[in-house]
Amino acid sequence: MLDLKSVNFDRVLRRYDIQMETKESPEELAARMVPKDPYLRKVVEDVVFMRSKNITEDVGSALKNYSPEEVIEHGLIKGMDVVGELYGRGIYYLPHVMVAAEVMDKGVKLCEFQMKGARETRGKVVMHVAEGDPHDIGKNIAAVLLKSNGYTVVDMGRDVSIQDVITTVENEKPAILTGTALMTTTMSAFPKISERLRERGINIPFICAGGAVNRAYVESYPMGVFAAKAIQGPALANKTMEGYDWRRLRENWDKLTAAKE
Amino acid sequence: MLDLKSVNFDRVLRRYDIQMETKESPEELAARMVPKDPYLRKVVEDVVFMRSKNITEDVGSALKNYSPEEVIEHGLIKGMDVVGELYGRGIYYLPHVMVAAEVMDKGVKLCEFQMKGARETRGKVVMHVAEGDPHDIGKNIAAVLLKSNGYTVVDMGRDVSIQDVITTVENEKPAILTGTALMTTTMSAFPKISERLRERGINIPFICAGGAVNRAYVESYPMGVFAAKAIQGPALANKTMEGYDWRRLRENWDKLTAAKE
Amino acid sequence: MAIKRYTRMEYGSPDEMVFGEARYPVSYGLGQTVGAGVVVPEINFAPRPGAEKNPESLRREYVDYITKDILDRAITLGFPAVQLENEHIFQMVNEPQRYEKPVVAGQKEMMQNYHDEYGIALSIRHTVADPRLAEEGLRVGMDKKHSYPEKCVESIEVAAENGADLLSIESTGGKEVADYAILRQDIRGWLFGIGYLGSIDMAWIWPQIVDIAKKNKVRAGGDTNCAGANTSMFMAGGYLDRDIPRTFAAVTRAIASAKTLVAWECGATGPDKDCGYEGPIVKAIAGKPTAQEGKNCQCAHADLMGNLIAQVCDLWSNESVEYHPEFGGSSVQCWLGSIGYEAALMNMAKQLKQDRLLRDLYMATDRYRSPEAFILAYDNAYKVGQAIVEYGNDIYLRSKAAGMTAARLIEEENKSGKLRLSKHEQDMLRKIITDLSALPEEEGRFQEMCLKAYKDVPLFNPKNYEL
Amino acid sequence: MAIKRYTRMEYGSPDEMVFGEARYPVSYGLGQTVGAGVVVPEINFAPRPGAEKNPESLRREYVDYITKDILDRAITLGFPAVQLENEHIFQMVNEPQRYEKPVVAGQKEMMQNYHDEYGIALSIRHTVADPRLAEEGLRVGMDKKHSYPEKCVESIEVAAENGADLLSIESTGGKEVADYAILRQDIRGWLFGIGYLGSIDMAWIWPQIVDIAKKNKVRAGGDTNCAGANTSMFMAGGYLDRDIPRTFAAVTRAIASAKTLVAWECGATGPDKDCGYEGPIVKAIAGKPTAQEGKNCQCAHADLMGNLIAQVCDLWSNESVEYHPEFGGSSVQCWLGSIGYEAALMNMAKQLKQDRLLRDLYMATDRYRSPEAFILAYDNAYKVGQAIVEYGNDIYLRSKAAGMTAARLIEEENKSGKLRLSKHEQDMLRKIITDLSALPEEEGRFQEMCLKAYKDVPLFNPKNYEL
């Protein structure tokens, strides 16, 4: 093998990732964002630092001082906000988000246990991957993020036939339908689904994502709203719950997704 | 420099062009295609073998035995047929075709001189290259071939504005309009031209060609008929003169252009 | 058919390996020989959206447009040999007689014509789709809804009977667990999914493929761990991406090689599939030819080892490109030009006996671009191979050894060499080493531990693996 | 500004030439230096059809989409330096203030941001369009209808004032005669059009470009003979094409180099434009950096020297690709990956002092693929250069000498070497040699002869050249 000792690697490649390592640590950023109250603070930190072991105890303590709704809102969900910010800034990686979401989930379950009725869902989302398409990782990530943002997710899995999608939407009456397609030979299911929904008078945002589709394609059929990244899911869903229909989501798309890219 | 003596170039590249050199010579092929009659034969051969110096004399002799129309039809045009065949088989190169066309042209002029009225044109063709597009070689080739096939060509040149095209078509009333575009940023003139022609009730085949366009694009607007190669021009024009409209040219496109690719 | 595990290396040293040469060259197709002194370009493609509308439109797309364009361009540029790869779309596995057969037969007929007319060496790899769904069952008789295991095998048969020269699949066994694990950066779970379950699944499907190939006198090529290691690689991405750390991706690649090897242990002859970046490792072990892709497959992937990965390839691929027009011709023609010229360069280097030098240039260019590139550099790939054959008979231990060896190589170079890692990549590497060190010494205990730990993983069903 | 003709070679021997090094390196842009030890990838692109609809949509296409994608991918893959090239569309030359300015300024602003944030070396070449029409008049005041000569110069100014680092143009002087001649395979006419008229036209436009560059403290790069030699090359095509013989194309390339050189004689510094395959010849003469393109510009051209042409490049280009999505990202990202990795390979070879060897591998791969490749092999390119400088002060005699030298080199190698020619190519070569031999020894007589012979060529007007 050639001797590489003399090589000045700088002339061949530059490690921008190392060069750009963020100076701010998760701890510093969290410190700026967490609430002052010591009980809620602990809950937030458990989520942010993924302390699965502490969460039961800390949520328990918080519940002695606050209502379950308050613990969820200002503790658990706040924690996920911080996580989202850390991910957005490139300090956290995706797995952090996934594990934090699980910690939060655990906390939410405890709170719900103490609530009068069931915790109110922010809305129902039916998710699927197009027929013939086995690529479901992106959809799975999106599902976790939607759940951790308070949505009820009906996950139909991958390789789902058009008919099954329609039936499920009719039965479940979700606020949002999502579709994922990584293959250009499967994405053609989406306009067909849109067509059939329209025939049945259903008019909900149909969030479509996955490597095969782009914004222009998704906006070529009624109801289609494009998502480039899983992290954009909650933002789009939240606006839907605020009353935006798919047309308005499209019009405001750049703004809604800007921070989340 | 490295010493290349040891190299077995066969493992690196293969000269399919040399390997495939046609066994049949132009002479052999012409021999099979030319008419028996010695006078016409000479005219045909002058065209095929590009004998610019002989053509005046040989056409002169032929005119003593045949009518000018016959000399054109069975001598000069027949010659170009042979040339087309030689080009199609890869025996002749494009410049052969161009030079042969000039020889033929010279002969036609002589015949016309002896004809009662002007020689009848097979039809009038207006040609142009799209606005902003300087790429005119393909159009120039196509023009020569159309002329040598008996068409009157109004050549508007390159970088021609939409308005000029429309005005010229209105004034010249051609049987066919052609457009060439090598740039995807200039080809958008074609649908606009088609639109304006329609507004004015003009309905002629609009043959569009050039590296930028493809069949799908050209067939996306009314009147558009695609041409991939200059040599397809006469075939498409001939059918137009037989009464095919642009719809019928499109329907029969594969067949009409098959031999000419 | 018995599975013959590799327990020793087919190469005596890393330096014996070089592009365009394999210990066991393979001949097939129309005058094609791979691994015997030349690198052959392998061009892969995808139909335009909508081409799947009906069998005739799909056939036209694959045969009249794509195959014809490829063959014309190969002649135009004077390439002496070309391999095509057709990755099947799901319509072809769903209805093999209607969708698959006309395509496979049509392509071969056209290739035969060009071969006869020009003497160009030609072959085609058919990579059938693996549509099996873990939740419905991976084995015959389990999937009552779609019969996907049965359909998958049928589509392999249809390919072999109608014109395929080389059979491949990107089998997806174990992916349900690996998918779960990757999002949690759980290397144990990933090892269980790919190294263990995936290897078991391959030992089920590959003897069938080898039999079908034998029966039809064609070749069984190989598998790739797209479902696992490539997913890691794409998620780890480049210097702007932060989905998962690249150290994790590197270790999964090493583990994946222990799985990919199974196809060859079941009797497949190679060349394996381009998208298996683990190729240098399995070639080091088995000496069979490998297909690789890098700087000229940017149409499909932007990996961090564009040159390095050419170091020991026998086929050089563009991975895949959708058919569409470009200024220079159709997309398949443009990418064929790129891979064909790169193969020509390698072949000239061989003729001039400078192939080892060019190999080293390729390798050096990306050696420190990412941890994954680093462990795939042929010297390191060889070491990972050695770790695998040391435990060759035990699919668990060899996968673990592969992962551990890769992790240690990266750790060491990061400490004292030129491979720089971000803090998060270092953290992950330490965690991986800790996690792998904590694993049992024995397959049975590992299996037991994992069946318990992952029993609630969505879609995971031990019956798929006869566990 | 005086024109300083080259009458001696800047290199003492062909072997002194190698990629990534020029006698006269050039610095410009955001930390970019070309020709001083590294090869830099140069990525060129075209907007999607329809993007030219209005100035804002065009700006968005070029800046927000194309430039951003390029810069992101460069960072992602770790490329230390990238050059962009923007070939202007005619809307930009027609209305420079509305269409050109926002694009040029927007690209530069974004590049500055990336340069500041990541330290990546960046630069942009603006190649303005030459919309002049021979029939309307090539000089100021002649074209009463469109004022194209004036517009052309204005658009160069707008580029230089708003962010261009490097100015280029593909000037089209003499093309009306060359176009006529190529279809008749008339080498004398082609020599008159390109070697003579084209050189005269460049001596008019290039001093202006050099002045504008100086005033704005940017660089004047160079020209290319796209209008002539590339048209020959594309028409000659590959082994399935039969539009014109490749020997004719090869000789036109040599003649073209005598024209392309004029930009540098007028004070331009290089790097010249990628599409000038005559780069090896002019670099041999002048020692200025050259941009080249080959196996990784298949998106735009399928030439017969994909590797060879990299032999002495300083920038390595993809020539051009229309912006559109691919599986691996957008088209500009995919092709940037290819050229960037190739540049990385060359740079590693330089680091390891194996650059001359890699150069020779590139060259050997295509040396005998076509007569044009053969005369551009650096040793032969050097010989053509020598013929030019021998008559350096006479644009006619040097063009003729270039053509004759190329023709003789091909003839000789075909007789006793490895360059095979078809019968028709041989016939054409003999005719070229005969025709060139019959030309007068003196410029005045040549001019006189040609003005007479080509007076009826459509569009040709001697006033365009002050004749």
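Order of writing sets the labels: A, B, C and D. Residues in every chain begin at 1.
Throughout what follows, a residue touches a chain if its C-beta (ideal position, glycine included) is under 8 Å from a C-beta of that chain, and two chains touch if they have at least 3 such contacts.
What you see is a predicted model; the values in this text were computed from it and never measured.
The minimal number of chain-to-chain contact steps leading from chain A to chain D is 1. Distance from chain A peaks, on a Cα-centroid basis, for B. Centre-to-centre separation of chain B and chain D, using mean CA positions: 31 Å. For this pair, chain B with chain C, the centres built from the Cα atoms lie 50 Å apart. Chain geometry summary: the mean Cα position of chain C and that of chain D are 40 Å apart.
Residue positions 2, 4, 7, 9, 12-13, 15-16, 20 of chain A each touch two or more of the other chains. The set of chain D residues touching two or more other chains comprises 46, 75, 78, 239-240, 322, 327, 344, 347-348, 351-352, 354, 357, 360-361, 364-366, 369. Taken as a contact graph, with one node per protein chain and an edge wherever two chains touch, the assembly fits none of the named shapes, being neither a line, a ring, a star nor a complete graph.
In this structure, the chains touch in the following pairs: A-C, A-D, B-C, B-D, C-D. Chain C contributes residues 14-15, 46-52, 89-91, 94, 130-131, 133, 135, 172, 179, 182-185, 231, 235, 239-240, 242-245, 322, 357, 360-361, 363-369, 379, 418, 420-424, 459 to its touches with chain A in the complex.
Interface of chain A with chain C (complex): residues 1-2, 4, 7, 9, 12-13, 15-18, 20-21, 87, 90, 92-95, 98-99, 131-134, 136-137, 140-141, 144, 157-159, 183-188. Residues 2, 4, 6-16, 19-20, 211, 214 of chain A are the ones that touch chain D when the two sit in their complex. Of all the residues in chain C, the ones that touch chain B in their complex are 37-38, 75, 78-80, 117-120, 325, 327, 344, 347-348, 350-354. On the chain D side of its complex with chain C, the touching residues are 46, 72-73, 75-78, 237-241, 294-302, 304, 306-307, 320-322, 324, 326-329, 331, 333-338, 341-342, 344-345, 347-349, 351-352, 354, 357-358, 360-362, 364-366, 369.
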